[in-house]
Amino acid sequence: MKKSNAPAGARTPFQKWVDKYQGLFYLIPWIIGFLVFKAFPFGQSLYYSFTDMNFFKDGTSFVGLANYITAFHTRKITKALIITFKYAFITVPLKLIFALFIAYILNFKIACVNLFRTVYYIPSILGGSVAIAVLWKAVFSVDGLLNTVVRAVTFGAVQGPEWLSDPNYALWIICFLRIWQFGSAMVLFLAALKGVPADLYEAATIDGAGKWRQFFSITVPMITPIIFYNLVTQICQAFQEFNGPYIITNGGPRGSTTLISLLVYNYAFKSYDMGMASALAWIMFIIVCILTIIAFTSQKKWVYYSDER
Amino acid sequence: MGMKASNKIATFFKYFVLILVGVIMIYPLLWMISATFKDNSEIFAGISLWIKKPTLDGYRNALNNFGGSINILQAMLNTYSYVLPKVICTVVSACIAAYGFGRFDFPGRKLLFNIMLATLFLPQVVLNVPQYLLYNKFGWVDSPFYLAIWVHCAFATETYFVYQLVQFMRNVPRDLDEAAAIDGCSSFQTLYKVIVPMLGPALVSCALFQFMWSCNDFMGPLLYVSTPGKYPMSLFVKLSMDGDTGFAWNKILALSLISILPQLIVFFCAQDQFVEGISAGAVKG
Amino acid sequence: MSKAISRRNFLMATGAVGAAGLLAACGSKPAASSTASSAASQAPAASADESLALSDGPVNLSISWWGGDSRHAAYQSALEAFQAEHSNITVEPTFAAWSGWEEKMAAAFIAGNAQDVCQVNWNWLYNYSADGSKFVDLNTTSKFIDLTQWDSAAMDACYVANSQQCVPVSMTGRIFYWNMTTFNKAGITEVPKSLDDLMAAGKAFQEKLGNDYYPMHLGAYDRMILMVFYLESKYGKDWADPVTSTLNYTEDEIAEGLAFIKSLVDNHVMMNLKTYYSANSDTATHQSNEWITGKIAGIFEWDSAASKYSSALDDSNKDGFTVGEEIKFGDNNGGFSKVSMGLAITKTCKNVAEAATLINFLLNEEKGASIMGSECGIPASKAGLKFAQDAGAVKSLVAEANAKVMAFTTNKLDPLFENNDLKASGTGIYQEVFDNIDYGDQTPEEAVETLLDGMESVGYTIG
């Protein structure tokens, strides 16, 4: 190890071997962790997805792709898939833009900045608290806060929709909950913004670039790795979102907020149909994989890494 | 003069947005505080902060100690007795793994990285039972040291954090590593003398997130802790929520409030660490 | 020191013999055979396992339950009393609220590390132990549990896979509750006793109090139960066969039942579901502003839910809370009672005799039953009920509701009725059926098909 950084000219074959593989040395804990803690449950669930596994019924038989085929022929499931896509495509961009916007403002010299940061992080701390369930319904109820504001702003001209009972609007309720909990993304953006070297801004100011131009030509490019990270993880989390619909709408009205994870949960722990639950989980797995691959292919075009040579 | 006026407008606009958004963000917490002094019928009657008939029952009942086996103080202690090892293990192991992925080229790196990322994509729900069976085999279910809850974190299984650190690391120029190498640092010395200081803010945010998430986690402790004396806050808060016969909401909300106070304080105090100071200091040093 | 312990052990042993003798004395009708005869269609029940005996040495037992504050407290002090009486037995409890509890127990049943004694939901017997693999046949423990304290009907409901898998802690059924404060405002002074009363109340509420006042609100699952109640009351037969789950009703009859529910909505007796959701989403009725302030003045709920609903009312409405009377929609009694929860011994338990002794203590003996009171519902054990009542540990409101329900419910419930794919709020079939009707997407006749398809998919035999 120690000698691996000696001048390259004097390298023995052993040192070359060390040079080549020393990265793996740092991955040993992860590899062990993966093999011990992840590989088994993952393999198990993949296997279940090809069976009619039910922990409380004797005799598990291999059913091949039957679960997957049934899934795509079950209206409830295909509908949930579409809703999940909608949910992800609404929440991911909005949450990222909002988090970045607020982080950018907070990055200026602001009085009481600590207080503001904490306040903005509070929704993420509250998580799936019962208080949120109560409040959310009160805000979106037909005579609730939101519609009252809508009426006031439009001088009574617009009534406001029945958010909680109209299948066309209900998804927005849980979308809003997710966007509201933008704290973690904001924190990461803040950390990234602090990493942008101040001299870049100074140079830009001398060149006469305004605040907004600096934002798009300096700030954004410099933090693209974190934007990319947030994008990937937010896609991943949006597709697995469970808490929002679970505590607020329970999938209703008319199934309009039934995200796929709600069905996975129902199959796994209410109907004990582990085969179908696993199949749905792996369908989601494949979907998120594809989206991630697309994201990774695109990152060459827009993500800037300082460590690249 | 015009310049000044537009600056003033900009400042006003900035604060207007910040405060407006801030109110939306903090209102639920304020409501929660006021609701802890209300009774059931008032809690569901509306979302006003005004308390018509203040009562302290919520807080009085929050001190209930469930037959002497568990009380709020013990539950707090229990929570931190696994959250702290979890946070430390996560940060250390994730940092090491991220270093391996982020700074070295070796055959199979891409494949391993993709496998790691892919472990994010499967919903936890279907993994619960296989994991439970596994931990049961290890004898970790209801372990007095909460082994099932935190040990895996020592092996960089928290992929979010590994990936997060990899991304942050990619913004640390390699020149610094090379400079360190020329100074005669081994790769391990480079990690803790160069990379770790540069990653300071990212490491703190890792620790912070893991802290928050672990404190809030309910399903893990429910599955793996059975001895009441070992219950953490997340279980304790919900102990009285009996849907069959009903319960006092003010107590639940009071407990929830108490349980998030440490998180609020930690966030408030820690934020300077991840947004100021460290990275600047590192560059200078 | 050691002398004292051995003396206590000696007392223990004689106590056990004494208890066994007592059981034998009142055993003119042996426990095991009483359940066997009532479960006639099934194989004869196992008889008492004579090899079971209490141990003299120290024994560790574990027990698990879900519930709220007062139930946790009751169990814990009952366990203390038990340990004082059986000083060689240590009982370790595990408890939490209902939320997430079923997942925890399911995982534990799969892994085989569930507690020795478990408080079980009735449908767990079918969900987790349909083959009898998880719970001990309690008929084998009749030496330690006095099985004669329960009605055979209640015991039969826990008789699954030729095995008495649990003993019922309490029975429950649905009954009407009315907020008479609001009824009085509408000029009605008596609780509704007939369909006509209901319809008249609907009209009076709308005319005197306004469009947003309703005599009653029922969620989708409540509606399903009321529909079954209506049909049973009218046709006098169980909804489905309790053993084979063969549906006893024709499509026309079910259409009539659904139309009945719709007529209640159309006549302003019940709130349209869509209207309810628009203000409350899927929140339970007792947490809705309408219930708290008296705009919804009636529910059809489990007897055990009485205090939950009465305590939710605001001060001006609290006094009006009244347990309703049975409403006969036909010539028969409608409605069913069911086991609300039971106590079972898991097959992984190593000290079955002690576990059985504990169950008997909690449910049948004076010390245990008087502490448990009505914390797990009105005791189903006759002895337990008497002791609890004598100790004044029974909530009067719940007791009143329970007595009324048990007096008229004669129909049996089939285990598939509560199948999650049907019952689940949000994603269940019952929800879909009644939503379809209230959103105007299906007529009652069309909704029958949705209901029957769903029932067939979970295993009902449709005639």
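Points to keep in mind about this one:
Order as written gives the chain letters A, B and C; numbering starts at 1 within each chain.
By our rule, contacts are C-beta pairs under 8 Å (C-beta built on N, C-alpha and C of every residue); 3 or more make two chains touch, one makes a residue touch a chain.
These numbers come from a predicted model, not from an experiment.
By count of C-beta pairs in contact, A-B exceeds the other of the chain pairs A-B and A-C. Averaging C-alpha coordinates per chain and comparing to chain B, the farthest chain turns out to be C. Centroid to centroid, with C-alpha atoms defining each point, chain A and chain C lie 41 Å apart. Here the spacing of chain A and chain B, counted between their Cα centres, is 16 Å. Residues of chain A in contact with two or more other chains: 55, 134, 269.
Looking at chain C, residues 103, 106, 110, 287 sit in touch with two or more other chains. In chain B, the positions touching at least two other chains are 44, 46, 128-129, 241.
Per the touch definition, chain B reaches chain A in the complex via residues 14-15, 17-18, 21-22, 24-29, 31-32, 35, 43-44, 46-47, 93, 96-97, 99-109, 112, 115-131, 134, 152, 154-157, 160, 162-164, 167-174, 181, 184-188, 201-202, 204-205, 208-209, 212, 216, 241, 249, 252-253, 256, 260, 263-264, 267-268, 271-272, 274-276, 279-280.
Residues 64, 66-73, 76-77, 80, 92-101, 103-104, 106-107, 110-111, 113, 115, 284, 286-289, 292-293, 302, 304-305, 307-309, 311-315 of chain C are the ones that touch chain B when the two sit in their complex.
Only residues 40-42, 44-46, 61, 64, 66-67, 69, 128-129, 132-133, 136, 141, 218-219, 222-223, 226-228, 231, 235, 238-247, 251 of chain B touch chain C when the two sit together in their complex. Across the complex, chain C is touched by residues 55-58, 76, 134, 137, 140-143, 162-166, 248-255, 258, 262-263, 266, 269-272 of chain A. Of all residues in chain C, only 102-103, 106, 109-110, 127-131, 274-283, 287, 420-421, 424-427, 431-432, 435, 439 touch chain A in the complex they form.
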